[in-house]
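Okay, got some structures for you below.
Shared chain: chain A. Partners: chain B in the first complex, chain C in the second.
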Partner chain A sequence: MDSIKKEKNQERCLSLRRANTFLGKTLLDIVKMLQASVSSEATAAKAGVLQRCDPRFKLISCLIMLVAVVLTREIIVLLAFYSIILLAAIVSKVKLGFFLKRTLLFIPLFSLFIVLPAIFEAVTPGDIVVRLNFFTKEIGITRQGLLSAAILLTRIIDCVSLSVLLMLTTRHNVLLKTLRIFKLPSVFVMTLGMAHRYIYLLLEMVYNSFTAIKSRVGIVKSARTGRRIIGLHMGHLWLKSYKMQNQVYDAMVSRGYTGEPKTLDDFKSHPRDFFLLVFSIIILAGVICLNQFLN
Partner chain B sequence: MSEPIFKLTNINYSYPGNFPALKDINLEIFKQEKVALIGANGTGKSTLLTLLDALIFAQSGEFSAFGKTITEKALDKAVNQLEFRKRVGFVFQNPDVQLFCQTVKEDILFGPLQLGIEKKIMLERFETIAEKLRIKHLIDRSPNRLSIGEKKKVAIASVLIIEPEVLILDEPTAGLDPQTTRDIIDALERENQAGKTIIMATHDLHIVEEIADLVHVFGGEKSIIRSGDVAEIMKDHDFLQKNNLMHVHVHRHIHKDN
Partner chain C sequence: MHIPDGYLGLETCAVGYAAMIPIWGIASYKVKKNLKAKQVPLLAIGAAFSFVIMMFNIPIPGGTTGHAVGAVLVAILLGPWASTIAISVALIIQSLLFGDGGILAIGANCFNIAFVMSFSGYGIYKLISGKSSATSLRRLVAAGIAAFLGLTLAAFTTSIMFGIQPLLHQTESGQFLYSPYGLKIAIPAMVGEHLLIFGWVELIVTVLVVKFLQKQEPEMILPAGE
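What follows is the complex of A and B.
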């Protein structure tokens, strides 16, 4: 009887430990995310080709290239685009493994589930390549379906890679600043920047508080206590951020803020920036011409 | 004697919910003075500094700065607001609230940009201050990636660049390493030599003698209980102990009973 009780108790302890590590793991992942962000900032600080470009030109060129990718209907051209992106990543001193992990691991995997139905004859009729037995029914995979799925997937990979490359080779703050070229109000851009800045600070606070709780409480003994601690903690964080928000506003007023922030635009363009822009325009024009030729 | 730059007469301030924070404060601060406000936690030092920077306004009493009465209504006018902000700079206790921009450079330039200081002058001042405070290597970094000492230096730089006549600092050296503390003391000394008035709240009695001429001591009643020359107050250990500013040094001798 005693051994059964002991076993049950052990099981309970283990499950509680697992629940506790779940929270700890989540916070650790958040910290990892912070570290990843720091490492991407380090990439943006390297003296690579794209890092040296004016961010305004880089952003516009990236948008033009994205349009070109979206308009492309040939898989060969899409693959050529991908080669250009990889080459750009290499000359910009972006670690290829890190870049591929960021671009190929999750987003294309999710899109794979979206494009999957397109390969079947029910969605894309055409020449059957393989027939599959699905319970009592037979489903065929078509060549046209496979091709359109491959085109869509490659297009997604190209778009994701382009955006990630832009993010990796440009500092967050500079990227936000470039949004002003689209005539976004400076207060909007500044609020975005402040949100970015304080999210990290609050995350750090959460992590530190969690460590403090862990050092005092150890393993949370029941789910109820756990919920209570988390609830109190959330309330405390809310109060802290509310207080901080008032102080930040005071700090802004103290330095002359009167409701409309004034910001410094210190962008400088070089001939290489125009080259980047012209290159992307030529690519877009080439894609449009190719589409017309194929039609 | 010249006119005081700050004059507070019978100032009372309570936080919402009727929590008194300042009671019957009478104070005069003159140009180029170095004033330290000392007192235990929660005695109203930070509240007084916030009031001196016109971020809060007293419920009763009169506060005048540079010969003009400061009220919420008077500062509502943009001209008065900018005029006051150009003349008074405030370094907050928590540098994280003061560094809200994406990079150190943006944070330092925030004040001059809002106050309409000419770009060329602003950038010249930026170079000089970054050099003096030894923060040149930090200018492109995000404040998230700075140590507490670096944050404090940047926060001070963000106020010094405005070149205010009065520099208000809340616990400028709290929790800092000796070298950073020294850098900050030196910077404040330089500013005072250049004609600036320094007002600061601190618990750090070690630095008070170095960076203040005059001390106002706050008591638990949220009012100034004693004012006077720094050397005279620092010598009065009984008074400092009574007001939680100094503790009796207790130590054990290992071989005492052998």
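What follows is the complex of A and C.
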């Protein structure tokens, strides 16, 4: 009887702990995001090679390099790309441990799980390299499957690393401003800049209210109550944000807003920026030539 | 559902941008025309709101948590064109500043999440809610069904993008170059998980927020002009 009671108690504690994880997880996600933002800005403020480049050239070069990586079909070339990216990170004074953790942990690890079934002959038929006994059935791993999975994973790592390098070596508000070179509609440009600032404000609101729930309520008894709390919070957050628009508009008018957004252009290019652009174009041309040669 | 770079071939990414550029153009024109000057910050607030609700961990049965996208909710609150801009802005910020979703895949991601989900969800919401009052149960049911189906449709278009990769890019030796799974695997896998888990998360969140707004500010959930 006692053991049943004990078991029931344990189960209850576990379900309570599970029901509460959403609060802790959301708080942790917010803190992680803010930390990532702060460390990104700190790295972007360092006097590294990429930090000194004109962000417009950096963004275009990054896009060209991404296109080159996506077009690449040879694993050795993808590995060479990765070495270049790591070298660029080092000369840009990005902490290598931090960079590797940021680029290798989440998306590539998730991709590994996605790509794993594709190495078997059921998904990628081809030359069998190894045969495995899976219960009563025999399944084979193919050479084509293995190679394809390796290429896809390396390509994803290269793409993530390039994006993270751009993000770490450019100040966030400057990077968003750079998007103007693509002649985005003015509504878009203004919304991007303003939304970026509001994200932090709304995150602070959520952080404060969730901390208050955690410290005052203590525990949330069930997942159902948890969902109700989230729903109420989202609704409340929307109402608060909606009511804020008038104050924001008044603040904009007091700073000279007349209906058309105006932004300052303070970008200056140097010869090194052209070197970066030419370097990425040469790489892309090299990849295109290599693909044609292999075809 | 955010597609990272590397899964899609360059052609698919280019088609994603080609589809989204006119959509962004029309959305900007429509929003500029319909939005009063005083409501301009609302678009930015809507984008920030959608970014933040994607960060909420929602408890789901089994002890784990899931995330909502919120595109249908934003479409109900701001209209589908404004929602397309707001969600696109949130996705661009996620991709460029936080590495969540690929830069080359921004067009594809915006097409699936910002456009397909906003428009399909809003259409379903309008169809089911009809001319019912702001506080009616019918409107609440409409919001839930719209959120569920909107997300599932977005998952469907995403799975098509994944599924066509082996058809478009495969070497003579049978080696795949991008996403390895064809339509027969990609569609059931993506649509299935959204029908079974994430669709319900989206439904619950949308219903709860709409219910809250029905009590607090019912006129907010009425489409413009009603």
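FYI, the second predicted complex is superposed on the first by the 238 of 295 C-alpha atoms of A that agree within 3 Å, B and C clash if a C-alpha of one lies under 4 Å from a C-alpha of the other, contacts with A are read in each partner's own complex, and residues count from 1 in each chain.
The rule is simple: a contact is a pair of C-beta atoms (placed from the backbone, for glycine too) under 8 Å apart; a residue touches a chain by one contact, two chains touch by 3 or more.
What you see is a predicted model; the values in this text were computed from it and never measured.
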item	value
Partner chain(s) touched by A:I282 [first = chain B, second = chain C, both, neither]	neither
First, second, both or neither for A:L176, with chain B first and chain C second	both
Contacts of A:A118 with chain B and chain C, given as first, second, both or neither	second
Which of chain B and chain C A:L201 touches, first, second, both or neither	both
First (chain B), second (chain C), both or neither touched by A:V248	both
A:E41 touches, of chain B and chain C: first, second, both or neither?	first
Chain B versus chain C as contact partner of A:V91, first or second or both or neither	neither
Touched partner set for A:A212, first chain B, second chain C, both or neither	neither
Touched partner set for A:M234, first chain B, second chain C, both or neither	second
Per-residue contact with chain A, leading partner among chain C and chain B	C
Residues of chain A at both interfaces, chain B in one complex, chain C in the other	172, 176, 190, 193-194, 196, 198, 201, 244, 248, 252
Chain A to chain B touching residues, read off their complex	38, 41, 45, 171-173, 176, 190, 193-194, 196-198, 200-201, 244, 247-248, 250-258, 261-264
In the complex with chain C, residue positions of chain A that touch it	14-15, 18-19, 21-22, 25-26, 29-30, 33, 36-37, 40, 62-63, 66-67, 69-71, 73, 102, 107, 111, 115, 118, 123-126, 144, 147-149, 151-152, 155-156, 158-160, 163-164, 166-167, 172, 175-176, 179, 184-188, 190-196, 198-199, 201-203, 206, 223, 226-228, 230-239, 241-242, 244-246, 248-249, 252, 259
In the complex with chain A, residue positions of chain B that touch it	50, 53, 55, 78, 81-82, 85-86, 89-90, 92, 94, 96-103, 106, 109-111, 113-116, 119, 140, 142-145, 158-159, 162
Footprint of chain A on chain C - complex, ascending	4-7, 9-10, 13, 24-25, 28-29, 31-32, 37-49, 51-53, 55-61, 63-65, 70, 73, 77, 85-86, 88-90, 92-93, 95-99, 102-104, 171, 173-181, 185, 204-205, 207-209, 211-213, 216-217, 220
